[in-house]
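Both complexes shown next keep chain A, but they swap its partner, so chain B is in the first and chain C is in the second.
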Partner chain A sequence: MSNWIDVCALDDIDDEDVMRFDHAGKTYAVYRVGEAVYATDGLCTHEQVHLCDGLVMDHVIECPKHNGRFDIRTGKALGAPACIHLATHPAKVEGGRICIAC
Partner chain B sequence: MNTSPARLGGIAATRGQPGGVTPQDYRLLDGAGAKALEAGLVNGPWYRCQVARPTLKALMQRSDARALRDTALWFALIIGSGVLAFMLRDSLWAIPAFIVYGALYGGSSDSRWHESGHGTAFRTRWMNEVLYQIASFMVMRRPTVWRWSHARHHSDTLVTGRDPEIAVQRPPSLVTLLLNLFAIKSSVDVLRQVVANAFGHVDPEEASFIPESERAKVVWEGRAWLAVYGAVAAACVASGSIWPALFIGLPSFYGAWLYVFFGLPQHAALPENVLDHRLNCRTIYMNPLFRFLYWNMNYHLEHHMFPMVPFHALPRLHDEIRQDCPPAYASCWAAYKEMFPAILRQRRDPSHHIVRPLPSASAPSISGVSA
Partner chain C sequence: MAQLPCIVIVGAGQAGARAALTLRERGWAGRVLLVGEEAHAPYERPPLSKRSLLTPEAAATLVAEVSRYAQDGIELQLQTRVLSIDTAARCVTLAHGDDAPEIVHYSKLLLATGGKARRLDLPGADDARVMTLRHANDATRLATRLGPGSTVAVLGGGFIGLEVAASARQRGSEVVLLEAGPRLLGRAVPADIAGLVHALHAARGVDIRLLDSVSAFEPASASGRITVRCASGTTIAVDTVVIGIGMVPEVSLATAAGLQVRRGIVVDSTLRTSADDVYAAGDVCEFPNHEGTGTTVMESWANAEAQAVVAARNMMGDAEAYRPDLWMWSDQYDHGLQMAGRCIEPSHVVTRVLPGGQLAFYLDAEERIVGAAGFAPTASLARAFTVARRLVATQERRRPAELGDPERALKSLLAA
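The block that comes next holds the complex of A and B.
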C-alpha cells in the first residue's frame, strides 16, 4: 500500500461535493458524501477536464464539460461520453482529516 | 447549434474564398482541424465567468418535477393537436392543426433532444435516456451519432475542422437554408446514413468523433429507425393513404422550421475559432411560450459556458454572469435583424462576422486561426 497523504479537514469539503487535490505531479478529485470520503483521478477520462468543477449526486460525479458520469466509489463510467473507467484511490478520515493513498 | 452537420448552410464548392475561409475547412477529416490543433484551439482553455462554487452548485441541482410537468404537457399538446388534426381531416382546418402538431413534434423535439442528451432535463438518468431516444427520432437525429457530435460541439464550439455542428458554414447558401426550413436537404443525408448504419457502416467522418466501443449502438439504432419507418410505410400502403406518415415521420420535415427559427441565431454569423462563448453564442430574451417550446435554450451563452446547469436554472445563471457578458438580445427580431444581413454579407465576404461587445475589464482567452 502506498503512503497515506493528508489532504484537508473533513469540513473543508461540503457534503455531496468534490475538491481538487494535486500531489507529486498528479491531480486527484476528493469527494465527501455524508461522513464517507472517496478519491479518484482528477481528470475525466473522456477529455481530461477537471472533475472538481463537476456535480456530485448520489455517489456519482458528473463532468462539468460534457456531463460524463462516474461512480465515485468504483470509478465505473456510467454512460457516454464517459466510456473509460476512472481510477480510484483509497481514502479515509482520521482525526477529522481526509487522507488518500496515492 | 442543434442542426445537422452539413447542415443548414454551407455549400459543396471546392474553390478558395476571398476571406480565407473555404468550405473544405469544415471537413472533420483533412479540414482545418490540424491547423486548429496547432493553434491551441482543440479542447482549449475556454473563458469562464466567475461564479462562486456554492452558487454554481445550487444552480446545477437537478429535479425530476419540472421536466416531468413540462414533458407531460408537451406530449399532451402533441396528442391533442394530432387528435384535432385527425378529426378535422376532411376540412381545411386540418392544416393549422397539422402546423401546430408538426411544430411540436418536429420542432420543439429539438430542445427535448438537447436537454435530455446533456442529462440535465431530469435528475433520474433513465428518464433522460427515454426522452433522448424518443426526441432524437422525432427531430431526426441519430441518437448515438449526435450524442458524440454534440460533445465535440461543446469541446470545440465553432472551431473549423473540429465542430460537426456549425450550422451556417461560410460562405452561406441561402438555398440550403431555405430547403432545410423543412429538413429537405439535411434529411437526405440523415436517411442515407440511417440505411448505411443499419447495414453496419459508420461514416469515416462521424467515426472520427465516435469511439469504437459506441459504434454498435449506431448500427442498432439505424435498424430500429428503419423498422419504424418500414412500419409507417406499411401502414400507408395498407390504408391506401398518406395519413399514417403525416403523424409519424413527415412531421420531422414539415415541423423543422421551428427549430431552425430558434436554433439559427445560436451561433450564426458570430466568429469562428475563438475560445470565448460570449463571442460565439447568442443569448436572446424570449416570451414564456417560446421558452417552453425551446426549454430555455435561448440562454445559449450560459448553456455553453456551464453545460451542467439544467434548463430551469439558466435564467438564474444569466442573472449571475450577465455583468461579464455582452448584452442579451431583446427579442428574436433583434437577433435576426443583426444576424441576417451579416449572413448575406458572408456570401461575398466569408471572413465577415459580428463582434459582440465585451465588458471593458474582460478579454477573450485565445482567438483565431483563420477568422
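The block that comes next holds the complex of A and C.
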C-alpha cells in the first residue's frame, strides 16, 4: 500500500509550475497543471540538478542546467543530453492538499 | 564478404561521444569507432572547474553510462592515439600503447579533437605548480592543492579563471586573480553583467587585480611556494598557479593530413572539412557563422553537443546546415551566469531585476530580442533564463516596458 504524504496546498504551486519537496532523505519535484498534479524524482537524471528551478510548459519540465527535458506525466526523457527516464510517483489532490506517494 | 562501412571518430570528448551515440540513435548500421587518448570514458568538461574541485570524490559526469557504448555497438578505444590520417586512401593509423600501429579504413571520418589549454611562454612556466585545467586529470591534481592555508594565483578573468577562483575560495584557499584587460570577462560578456560578477568575487574575498599580468615565475626557496612576478612590479608567493587564458584547437593531425586549417579545422556550413568524407565538430571546428561574415571557433558545451548531432546526421547522408546555438553558462559560487544570442552592439538594453541579480535583454532597432545575459543566484536565474533563451531563439519582438516590468511574469511574455 502506498503511503500518502502531504506536500502542500494546491494553491501553493502556481498553475504550470513546479516545487521542490524533500521527504525522508529524498528530493522530489511536484508539479501542478491546472487542477492536475504530478510528482517525479527531484534531480535531473543527466547531472544531479534540482528540477524545481526548471521551467514547466505543456507537461514538459526543462532542466535549468542543460535543458534536458522530461514529460512530467510519465518521466520520459525527451532527448539528449538526458537519456535516462525520470522516476515518477503517484500524486493526488485531496481536500485542496497535494499528496504524493513516495 | 564486403566490409561493413565504418565511421571513425577521432576524439572521445563531448562532441565525439555525442556523435557516436547519435549515429546509433539515427539507425547507422555500420561500424562506429570512437578513439580517445585519455584513459577515462567520455566525460563532460564543465564540471571540471566546479564540482570536480569542490567534491573531488564525486564521480565524473559522463556523456553516457560506460555500458551504453557496448550496448550500442560503439567500439570505444581509449588510450589510443591517432598517428596519421590518409585522406586519399581513406584510412587512419592508430597506436594502442606499444602495440604495432593499426590501420583502419573509414567511410566517413569525424575530427573531434578538441583543444589544449593555452600556456604561457614565460620563464618558470614549466614548474609543476603552474597548472592548466582542461582534462579530468588536471582537475584531480588541482583539487588536492586547494584548501585552507593554501594560496592560488589564477591568471585570466574569463570563465575558467573565475570558476576556478570561486571553487578555490569555496574550498578555503586564498585567491589572487590577475586579468590583463581592464575588466573581467572582457571577451564574451557585456560590461554590466561582468560588473556584477566582479562584485560577487570581490565580496567573496578574491583579490582581483585588473590590468596586470605575469612576467615570470620564480621558484622560491624554503617555503615551497612559487613567486609570481607581475608586470606591475609586484610579486605574489603562492602554492599553485592556474592559467586560464583559453584554449588552442588541436589541429596537428588535420594539418599533417593537408586539411584546410586556420585557427581550427575549417568546415563548410554542413561541417565538412576540405577533404572528402571528413567532418569536424566541437572546440576544434572553425565554421561559417550564421551572419555570413566570417568563421568562428566556438568553445562551449552547447556547441559541441549540437555540432556533433548535425555532423552525425550529415555523415549519414543529410546536408543540414549547422546553426550555432549561441548559449553559454557558468556557475560561480551559488550564482549562475548565462548568455544567449548576440549581446553586443544592441540598439536597446532592457534590464530586469531578478532576486539577487539581473537579466538583461538586448534588442535590435526593430525591438527584436537578439540576446540575453543574466547573473543571479542559480535558483533565481535558471527559470528566467529558460524563458529568455526561447525569446532570443525566435527573436521575439516585445516592448521594452513589458520586458523590464518585474510585475509581469516572464513566462507570460512567451505567449504575448
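Keep this in mind: the second predicted complex is superposed on the first by the 102 of 102 C-alpha atoms of A that agree within 3 Å, B and C clash if a C-alpha of one lies under 4 Å from a C-alpha of the other, contacts with A are read in each partner's own complex, and residues count from 1 in each chain.
Basically, a residue touches a chain if its C-beta (ideal position, glycine included) is under 8 Å from a C-beta of that chain, and two chains touch if they have at least 3 such contacts.
Predicted model, so just to flag it, every value in this text is computed and none were measured.
Which holds for A:K65: it touches chain B only (first), chain C only (second), both, or neither?
A:K65: touches chain B and chain C.
Who does A:A80 touch here: chain B (first), chain C (second), both, or neither?
Touch status of A:A80: both partners.
Just checking: does A:E47 make contact with chain B only, chain C only, both, or neither of them? Give me first, second, both or neither.
In the superposition, A:E47 touches chain B and chain C alike.
With the two structures laid over each other on chain A, which partner does A:A101 touch: chain B (first), chain C (second), both, or neither?
In the superposition, A:A101 contacts neither chain B nor chain C.
Any idea whether chain B or chain C touches more of chain A?
The partner that reaches more residues of chain A in the superposed model: B.
If you lay the two complexes on top of each other, which residues of chain A touch chain B in one and chain C in the other?
Residues 47, 53-55, 57, 62, 64-67, 80-81, 83 of chain A touch both chain B and chain C.
Given the complex with chain A, which residues does chain C contribute to the contact?
18, 21-22, 44, 47, 61, 63-64, 68, 301, 305, 309, 329, 378-379, 382-383, 385-387, 411, 414
Which of the residues in chain B end up touching chain A in this complex?
Answer in residue numbers: 43, 54, 56-57, 60-62, 118-120, 123, 125, 144, 147-148, 151, 154-155, 211, 213-214, 306-308.
Under the stated contact criterion, what part of chain A meets chain C in this complex?
Listed in rising order, the residues are 16, 47, 50, 53-55, 57, 62, 64-67, 80-81, 83.
Could you pull out which chain A residues touch chain B in their complex?
14, 17, 46-48, 53-55, 57, 62, 64-67, 69, 78-81, 83
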